[in-house]
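As structure tokens, here come the structures.
Both complexes shown next keep subunit A, but they swap its partner, so subunit B is in the first and subunit C is in the second.
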Partner chain A sequence: MQKFFAKNGPIISTYFLISIGFWIIFLIIIPQLYMLDLSFRPNLPPLLRGGEEDVYTLTHYKHFLFGSETSKDAYNYVDLKVFFTTLATAVVITVLSLCFCYPIAFYIAKIAEHKTARLLIVSLIVPFWINELLRAFALRILFAGEGVINNALINAGLMDNAINFIGQDVALFTGLTYAYLLLMMFPLYNSLESLDTNQLEAAKDLGSSTLRTHWRIVIPHAKAGIASGSTMVFMLTAGALATPVVLSSPNTFWFTQLIYQWFNMNDNWSRGAAYSVLLLLVSVIFVLLMMKLFRVKVGEIVK
Partner chain B sequence: MKSQPALKLLLGTYIFVFLAYLFGPLIIMSITAFNSAEFPAVTPWECFSWRWFAEGKVTYDGQRLAGLLADSKLHEGILTSLHIALGVVALSVPIGMAAAIVLTQVNSKIRTFFYSVAIMPVLFPGVVIGISTVVLWDRIASMTGGGAMADVGRNGVFLTILAQTCFISTYCFLIFVARMQRFDKTQEEAALDLGASQTQVFFKILMPYLMPAIASSAVIAFLYSFENYNTTVFSILSDQTLTTVIASKVRLGISPAISALALVIIAITLTAAISYEVLKRRAESRLAKIKQTQLHQAMPSDRLMKNQKTSFKLPKSMFVILLVCFGVVAGGNYLVSNNLYGEQCIVAADEAKKSNFADQLKLLQQNVETEGATTPPSDPTTGSQGFNNIFGDPNLFKNFGGFDTDAKK
Partner chain C sequence: MSADVELQNISINFGDFYAAKDVSVLIKKGEFFSFLGPSGCGKTTILRTISGFLEPSQGQVLIGGANMAGIGPNKRPTSLIFQNLALFPLMSVADNISFSLEVRGHSKADRRARAEELLGLVALEGQGDKKVHELSGGQRQRVAIARALAIEPEVLLLDEPLSALDLKLRQKMRSELRAIQKRVGITFIYITHDQGEALTMSDRVAVMNEGRIEQVDTCQAVYEKPKTPFVASFVGENNPFSGEVTACNDSHVEVLCDGNKFVAEINGNDCQDAQKLVVGQKIILFVRPESISIKKNKSKTQNSFSAQLNSIEFEGHLQNLFLTTQSGVKVRLSLPNAEDIDHLTAGQATDLTFSAQKAVVLPEGNLAVD
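Showing the complex of A and B:
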């Protein structure tokens, strides 16, 4: 510690310590811990807080699993279904994004000429910077009941009645893929770019087929990028709120919307906190899984 | 690497489809911003108009749809977003810088741990960060009772700045870490040996070196803050930012004014991206030229001086620009020739809708009036007579002109 002060001088050291301490303690650790604490407490009006009834309880987690005490079902099918649909969809969208992005990332990194590659990268960056809400809105225009796709199909005489894209969640799934596709692209591209082209040529000279080259050389090399992109896409899809708000049908819920409802509409903050803890838990588990599966460090996932 | 032509064609098609998927919805949305109809659509095209960028429209049934210039809620939202973004930049850039510098000074064991903690916020769902901040500060506010602290703890703008700083600092941190990796520490040592104080070293050596990183992290922090929704929607409490205004508008019903807003944002983004690219290219070519002249000076032989032929080469981007120009001209021509442009068209369309609406009202009233009276059931046999009447209507053939012998003269 003394060495630290000696190295940086008193003024700069104080600045370092205050800003880092403020960030790590006040913005990262304490809020999460307090949220965890609140999730184990009953939902009380402010006056009763800290009183006799304010004891630790598992009631919110029980509610998530078994439903309210008055309901007859053995489990809380509604919330559990939302939870697992969200997770399953997020996994499917992650895999799809990887499949969609891989050929293009490989093309930009290894095949395209320098100029074409840069043009493509710029044209990929532009839609990435447009607000998620507005991109969802663009799809809403396409998929609405009287939207562009329905109008076009009816005018072309291909069908008589409008398809309810939003009610059948086609719009939601397309929108989520649309929103986070590029977060798979950039890590994938970065890791593919560092691959030595000589290796590919060597494999070809030794008689390896294209598929085999990709499976044995390119993909193992890109594993850090795949892990990083998958983590990003999964986290953002599972935690998405803007796209579901714009594109989900009235009867479909995304898990974040459930949290929003407990928090803002039903005014049950501790239950909202409990559900957020669940979401956080899933995210942490997914990151650990990715690290284990691809044998990468956290530092390689976030770059 | 050589690849077969068939594979190349497949790849080209795939890239085209991919880009179409990325840009198609945005282009269609941009077009709907110019349609004067109150539902964002391309077909049925009413009139070309700028009304969604300006005043908006009052519909025939008295509904008010504000355009961009007339929307006071939107303006307030943008102002709040600007305040928040500036606050976030002011906090997260210094935090990110401090964390990145300290990372280079600690030993490797602490470094791994510190790095893991610092990047954690990016891996938290945004919703969770927003909720945890609100929950904590509500607690702080209620613990201190009334007074200034309670006001601060329940101030949406303040909470949003804190919540966004939590994860945006990490993005800044990563930018600074990348820059610090290439920092030459001997510079610092030399300055210290020559008698500079540590504070001087920081301001005279480290800060100038980190300037590009400061600039780019400030821009990134500003953009991330400005477009954030997931965290903001929880932490903003009763205030409104640009994104929450947009979200509540979309939830109430979609209007072309949002398309217009999106188009403005897209235009700003495009300009920024293109100017960034141009600047980068110019810097690169300057660097290449400097290298060339250096090489020439080192070896004064004409062989190495490349003959820079000024043969005119048509860049590929020209074709794209030409295509866009062609599209715009064709579209404009279509609009003008079909009278789908200008005040007259808008007035006519509104009139048509109003009269349509009035007709429907009248019909409704008639139905109500005749409800009590016995309506004569229409005889199925009179159906054919109805057709006869239609074909008997001479006005129907007035504009046909096919049998008009005068036209041939």
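Showing the complex of A and C:
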């Protein structure tokens, strides 16, 4: 600390400490602690808060697992299903996003000429100037029963009846993959960009096929980028709200929608808080497990 | 197995710019052949053409007599060592070396054995489990060689692989490379802008300038019988004197350079024979710094001239004298350290001489810039 002050001078050091401190304490620790605390309290009308009924309880977590006391089921199948479907879908979206971004990022980083690469990057970024909600609605227009795609296919005489893209959740998968595309693209691009092109040629010269070169040389090199992109896409997808609301089929329910309901419609903040805490906790555990599995260290991700 | 490599009228252009122009050369099998030339003269371009990363705009590459047009780098019997080595940093040394075998589906035990064998060849026994970054520069160099040799190529292509090493190590690696080449017996095609490197290792050298080959010859011939002013000035140190021919016969040529009359012996140099120097022709006469000596007495001898001494530089076994003639031509002189020059002081006029045998007269042309 003294060293830090000596190196950067008192003004800059104080500025750093205050801004970072503010960021960590007010934007991360306090709200999360408040949520955590809330999640262990019963849902009481404002008058009773702080009274003798306001004691720590696991009731919301129990509700998530076992459902309401009046229900006949052993477990809260409805919420659990939504929870795990959300996580599983987020995994699928992450994989889709990776599969989609990897070739493009590789092309931009290693194959395209300078000018083409720049053009491609710009055309990837520009659509993201549009608000997330608007983009979701745009996809809805595209995929709707009477939407652009269906109309085009029917008019072209390729089929007779409209495909229910939304009911089949095609729209949801597309929308979610698209929503966080750049968060996969840029870490991937960055790590691929730093690969020495001579290594690709060396592998080729030694007789390696394109596939093997990618498997043995490119992917190991880009592992940190893949991990960092996947983590972000997974977290954000699991926590997405706007896109699922607009694009999911009537019978697909996203876990965040559930949380939203507890907070807003049912006015049960502490249950909403408990559900949020669960989502955060399980997502973090999941990501850590994945990183362990793929032998990536946390430090590498921020590279 | 070893193969010869023939380049037939190779030209390579990037737009209007020709990186190689009409390059033809036959590299014999088992030969240590170097392309020597200044930076940017197209050496890497030529090597990439031989290895198949670049298709020539015109002409063809034959390896072992077979035309290589349309055959990719992974299908040619060549192996390339890159300017920056391009070892795979995330693999162990042994995995690096046996990568080409892994590609070909050899078993793990097979690969291990071959890696050990090659590590032995490059004097790195037992270092197979290390990571690349744990090795020194010279050791990495050797791993790159071992990796390139693993598939038993017929031709090994080396793109300035020693340029990243320091002087001592570079000199050590030179003789080691040469020894490895002798042991494996395949064709080595070596690229360098360092003439010392080319001359100490090669059987033959091609001197390149601006995409063209100026001369292909043995090291000795390139040094002693340069065919163009570029070769004369690029390979080793040389003193050029511009002038013109005043007389010429079968054995000698007499020239006038800035009022000094010089005589040079025609020593079987193709260029001098073929082009038959004629009276009045503009020429450059070259004398090496070590071929000029200080005249001891005032006797009148052939090829003597006078110059003013500017400075003396001590260089281990040699001492370099820098002089300027009356007409402003700079002259460099290298004397063995044993020679006593205590009587010389800067600013002093000095009489110099060289033998007709040691002088080379070439038709006017571009010199190498340094």
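FYI, the second predicted complex is superposed on the first by the 262 of 303 C-alpha atoms of A that agree within 3 Å, B and C clash if a C-alpha of one lies under 4 Å from a C-alpha of the other, contacts with A are read in each partner's own complex, and residues count from 1 in each chain.
One rule holds in what follows: a contact is a pair of C-beta atoms (placed from the backbone, for glycine too) under 8 Å apart; a residue touches a chain by one contact, two chains touch by 3 or more.
Just so we're clear, the structure is a prediction, and the values are computed from it rather than from any experiment.
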Worksheet entry | Room on subunit A for both subunit B and subunit C (clash or fit) | fit
Practice prompt. Kindly classify A:202 by the partners it touches after superposition: subunit B alone (first), subunit C alone (second), both, or neither?
Written response: second
Practice prompt. May I ask you to decide whether A:212 touches subunit B, subunit C, both, or neither, giving the answer as first, second, both or neither?
Written response: second
Worksheet item: Counting only touches as set out at the top, which of subunit B and subunit C does A:231 meet: first, second, both, neither?
Response: first
Discussion item. If we overlay the two complexes on their shared chain A, which of subunit B and subunit C does A:12 touch? Say first, second, both or neither.
Written reply: first
Practice prompt. Would you check which partner chain A:86 touches, where first means subunit B only, second means subunit C only, and both and neither mean what they say?
Written response: neither
Practice prompt. Specify the partner with more touching residues on subunit A, choosing between subunit B and subunit C.
Written response: B
Worksheet item: Which partner does A:178 reach: the first (subunit B), the second (subunit C), both, or neither?
Response: first
Practice prompt. Between the centres of subunit B and subunit C, viewed from subunit A's Cα centre, what angle do you get? Round it to the nearest 10 degrees, please.
Written response: 90
Fill in: Partner chain(s) touched by A:220 [first = subunit B, second = subunit C, both, neither]
second
Fill in: Per-pair minimum CA distance [subunit C against subunit B, superposed on A] in Å
6
Worksheet entry | Interface residues of subunit A shared between complexes with subunit B and subunit C | 201, 204
Practice prompt. Quick one: which bits of subunit C touch subunit A in the complex? Just the residue numbers, please.
Written response: 51, 53, 72-75, 78-80, 82-84, 86-88, 90-91, 99-100, 102-104, 147, 150-151
Worksheet entry | Contact set on subunit A toward subunit C in their complex | 196, 198-199, 201-209, 212, 216-217, 220-221
Discussion item. Show me the residue ranges of subunit A that touch subunit B in the complex, using the header's touch definition.
Written reply: 4, 7-9, 11-12, 15-16, 19-20, 22-24, 26-28, 30-32, 34-35, 38, 46, 49, 100, 103-104, 107, 110-111, 118-120, 122-127, 129-142, 144, 146-148, 151-152, 155, 178, 181, 197, 200-201, 204, 231, 235, 238-242, 245-246, 256, 259-260, 263-264, 269, 272-273, 276, 279-280, 283-284, 287, 298-299, 301-303
Discussion item. Quick check on the complex: what are the subunit B residues that touch subunit A?
Written reply: 1, 3, 11, 14-15, 18-19, 21-23, 25-26, 28-29, 32, 39-44, 94-95, 98-99, 101-102, 105, 112, 115-129, 131-133, 135-136, 138-139, 142, 162, 165-166, 169-170, 174, 197-199, 202, 223, 227, 229-230, 233-234, 243, 246-247, 250-251, 254, 258-259, 261-262, 265-266, 269-270, 273-274, 277, 317
